[in-house]
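Presented below are the structures under discussion, each in the form of structure tokens.
You will see chain A twice below: alongside chain B first, and alongside chain C after that.
So, the complex of A and B:
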């Protein structure tokens, strides 16, 4: 059997999930929607990260009640073979989106701002194989790699934010939270699309995490860490650029050092930053690809995760290329629809399985086996 | 085994940055543009000048370096670039661009809006570049910057920018702030004003004279400027939206920087007892803090509290330290307050919120509707501004008489 789950500690699990959530919350947010009405993303984005924790905690509780070891088993047991497969596919779509979106954004920024004349395929040729290789090696490998890179990523992130402090202005946040409660609530709910799949993916790795209690603690840690980091990132970006400019800007954190006219070459570290952050995005995508593949293998009873990793990777790669090479108008429309309503697709199977687990009588055999 | 796998993974992930090797490009394939000058064209809309960093041939070659200048007419940046690239054996790269230099004529006609509507990402131009307004032709200003044939013209540009910190008489705002000012309509942009003085005797001219066995200062007369660049910064261009509407002198620029809290150090010479015949007092001012208190209402008002540290650099002959201290405390604050008020009025006359009081007004707003209804011009015309300056004499404990 090659499910490649391995055994990892809570710190690795927190790092892998938090890294994926942070990458999505910082580099994959739909700015045209987030800054449509004002600069409230520093509140709504971290709120989305925290809000994602609630359904995940309920899901873990329901798994505990039914004695399900991991999400794949939970889907199969609670919704049956066909509906289990449908639920799995819907949730996996969320994971695939979370794997593809940040890498597509990075490839776009690198093609536009870093490499003169390089094609998207050439840039992706260096990114995708490493991402797939990590996913191929499994969860333990991803968790430990994430832990190795975590401090480097946090360090580079803080250097970028702190070195641009001189360009920050409070008035750019004003009028304070004036987007309107309706817009803020709608954005917070839809933005959970970027946080819920990687956070809920911890339940897929039940075997590697050794028990529901560990999954719960890892989920809480990841949600809190990602809320803190996305808050700092979105606040820094909102202090650096007004909402009117941010809504048309791709990856504003990369451009945070473009504000100051007096920097010279010394402070032009943006190219270094993007390479380090790209490592985080690659680990994040590996985590999402592996999780989707592991869920697929679990639901369909496959004993080897690697073919599924290959298939999911191909889908992710195809989506990235479609996003980058497709006709701009069509891609924007599809992207708008996904970023506004995609969260519902991910919520539906999770809520269905959670509800089913609370309605159905607990299976004593499973609970005992699980205990 | 796991360690080996992790190690291989880390190696593979770290190798991602090597994707630059995909399309390796030799440095000499590019000509790095460091300044773009924009003048009105004869047949086409613009006359565009590119100053390129000249690469050093050998590290010990003194005469190499400096800038190559390319220029032609075009209706936009890309057109001029395409035409010039056909005449040189390299491609023009804008990734090291620092200055956009617009002639005063183009700035006053509002041509900046059209010229800067380029996609900065596509051209790989950083929005941290600065727009400079040249009093004469932009190409003359660029020529003046490279007339010295200095080894590193980018370093020269940086030195010009550092003037802001040294004497407070240069204002510096990136193009991203220009876009912000125009997009939000909350404040107005102000750009450093440059000029080219053809009479300056540059270091290069002195070296040439020396090489010919002549006295390097042979042609110098009293009043001539000797050494350095022919181009320098000389005040501030005031904008209302995209259009240049006025200008400030170097001294007024220092007060503009004070009001914006961007002043660091600078000297001010104040006539002693109202007349320069009695001598002047030269004081080095260092910004301590600046705070603005805005009160909204039918007639908005703002109080600008500026706290400065003063050190005496020159005082009238025979004046004691206690008298000097008393004179500074009674005269300097009032003098600076008057200059600040004059500078503000000059900005107001130009219809420009260069002191960025609009950003303070926005802080008091509670709703989006209020923000969208904000009329900057109306606000500036109605604004009542009071400047309060406080001075701390840092020389009080270290006067010459006690040392």
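So, the complex of A and C:
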């Protein structure tokens, strides 16, 4: 680590991206869709995480070909000013969704199961300011904080999964595919909405991540780590509850603690687990907010990212409140539409920019400068 | 108001590039002056505008008399005399600061007995004066500084320079055992208030030829002597330059001590967590210098400042390496557990008691309720009150002499605690929680870090009071964010863990002695080259 270099380590980048993907893959999955066709989520969700890696690797390759330092420069260069801005907005929408969804889920579960009857705003008053503060401080801070919390989160996750082992039954994995492989494939594709934005966000920090090969390695590491963790989590959940129950259950990993019926002096740790996992969701949201703001600043040529962080935070906050306090039926419909077809909105700009980069002749000057 | 306005504008200055805020500590320019302390410009001895030394003794004497107001200040001695050869001379020194017997025996006596023809200071100091450390100065400002520092200045008629002779002779405390950083195994000696003694203590431990002691005066009116100690060619050049730059920016009237210097060269002196290690142990300072850190010693301060530091170096005690590896490891693990208990347990208990009673089993909950049955104040107030009383006992114990201090601790801890429970001012469960938290706090080896941990504990308690475990999670995340964002002279505070850098030493467990040889990667020492991998 050299003094005054302002660079970000690969370990921190991997942790931040993997944490965001894991939080989304464990706590933000749309269970009504995931378990609609049986208990196949332990295959489809990790598969989505791995599937997200493919467009990101292509994107990195295209950036390398054109010598683009980061995603903002790549958007501007490949699609031009107006289309660059539109592409940026579409991709940022994915990041904003990934920032809002887990926090909204946590707030909902906490309101119902931890702080019985408390107002959503009262719960969010503790969550949002710290999340925004971390985003305000920048990627350096987010990455390091993620690294500090990562072992605690993994530890708590494993304790939760292992301590509930008595309640697991193998027969609950049936039916595995009641609606057939088509549903499974559709869900896998649409679920990449939760994995692709945080993974592709690594390219936004291209300059700070010390080059394309580092971004590539970080992306692979994050995708593999999140695939492994989401597999364990979804398998544990599927073994604990049948698909018919899971379909209507919010945050099932939290509820597998209920399978333990410990009495005596052993404390019930489920509330502690959810609080520790909440910290992961907050870091994940900070990462997505910061990435969206950084992309926005990059495309519009703003030197300071913090005003954009403020603006994106407001949007995220508004979305969470709308999701929690809006009319239940309408919100559910919108949520269903986003979780089924939202991935297309994120894929479109990334594929467009990747395609354009492979079609266009590489800019030698940029490539040399980048090298 | 101006200070807070500046801080606010720094926080919301949107016109600057984002990257500038990432590394605020190493921005070009002078560091901030805390509380607006910056003395107005003045003509003083250090600025060197007192002119040159005159060839006339009469003029020099008159000048020094005016400068030192000898009509009022009786301790400034200006004595004229003639050598045996008839050369007129003037001797100037500060009574009490310089050693009288040394002056009489080795300066005045040989010069008065000298009957040769040599008249210049160059020859006289070379052959006649029996003082080992002599230098010639032509600048009157330097002469004045030397007199104030306890040296003796010699003038000769017809010579446009003066001789500065080493005659320090003031009273000083002997080297004694360390009081704040006691160890069972390992060296006992500590730094004293004497600048030279402190440098010597370090030189006695470090025998490498690259050890450099850069002696310099602080800025401002007081001109305190301080030393910048590092290993030349090993310690990062950028770091040394940065320390020099920050030292150059000091311009205060307050007498400089290590504590004040620490605040003056820190960028964010309002944040409670220290970014500079203040140690009274020469062995600890020497160990850090060997690893490529910079050490600062200030005249009149029995502490050395070591920089840059990380969280993990603040949590290490010098004793860890003086005992066997497994024992050192156990001590360190206990220390980290103690620190965690100190910071978290009052808040956690309050969160469970107020918001999450379901986490506790019926048996534990009924014990808590039974112990608080007759206590009249709310549980939050009770914990806060006991924490304040605990802090008061601690402060009182530190400020009074040894045996009485111990007595206060016993009275406060045992008698007052028992009385508070009997009088239903506090419950026994809360008393145990606060005592455990206090004990954990004492496990932290660094005093400043102990105080910082108390602040964090208070923040956790208030957060838990307001929002239960969610409040604690928010407060914990905020604390870690702030620590992760912190830098000590460009080195991230949580390195080598976050950011992950190469380090041969384990973070919490104690590594083997053989691994102590090379510096950590984040120090980026010169001889190891600039490693690019972060």
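In this text, the second predicted complex is superposed on the first by the 353 of 371 C-alpha atoms of A that agree within 3 Å, B and C clash if a C-alpha of one lies under 4 Å from a C-alpha of the other, contacts with A are read in each partner's own complex, and residues count from 1 in each chain.
To be clear about the criterion, a contact is a pair of C-beta atoms (placed from the backbone, for glycine too) under 8 Å apart; a residue touches a chain by one contact, two chains touch by 3 or more.
Every value quoted in this text rests on a predicted model; they were computed, and no experiment measured them.
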item: Chain A as common anchor, with chain B and chain C clashing or fitting; value: clash
item: First (chain B), second (chain C), both or neither touched by A:307; value: second
item: Chain B versus chain C as contact partner of A:297, first or second or both or neither; value: second
item: Which of chain B and chain C A:210 touches, first, second, both or neither; value: second
item: Touched partner set for A:278, first chain B, second chain C, both or neither; value: both
item: First, second, both or neither for A:144, with chain B first and chain C second; value: both
item: Contacts of A:10 with chain B and chain C, given as first, second, both or neither; value: second
item: Common ground on chain A, meaning residues reached by chain C in one complex and by chain B in the other; value: 114-115, 123, 125-127, 129-130, 133-134, 137, 140-141, 144-145, 148-149, 263-265, 275, 278-279, 282-283
item: Residues of chain A that touch chain C when the two form their complex; value: 1-4, 6-12, 110, 114-115, 123, 125-127, 129-130, 133-134, 137-138, 140-141, 143-145, 147-149, 210, 263-269, 271-272, 275-276, 278-279, 282-283, 297, 303-307
item: Residue ranges of chain C touching chain A (in the complex, touch as defined); value: 14-19, 21-23, 26, 236, 238-239, 242, 355-356, 358-361, 363-364, 463, 466-474, 476-478, 480-481, 484-485, 489-492, 494-501, 521-522, 524, 530-532, 534
item: Chain A-facing residues of chain B, complex; value: 2, 5-6, 9-10, 12-20, 22-23, 25, 93, 121-122, 124, 126-130, 154, 158, 161-162, 164-165, 172-174, 176-177, 179-180, 183-184, 186, 359-360, 362-363, 365-368, 370-371
item: Contact set on chain A toward chain B in their complex; value: 37-38, 112-118, 122-123, 125-127, 129-130, 133-134, 137, 140-141, 144-145, 148-149, 169-171, 174-175, 178-180, 241-242, 244-245, 250, 255, 257-265, 275, 278-279, 282-283
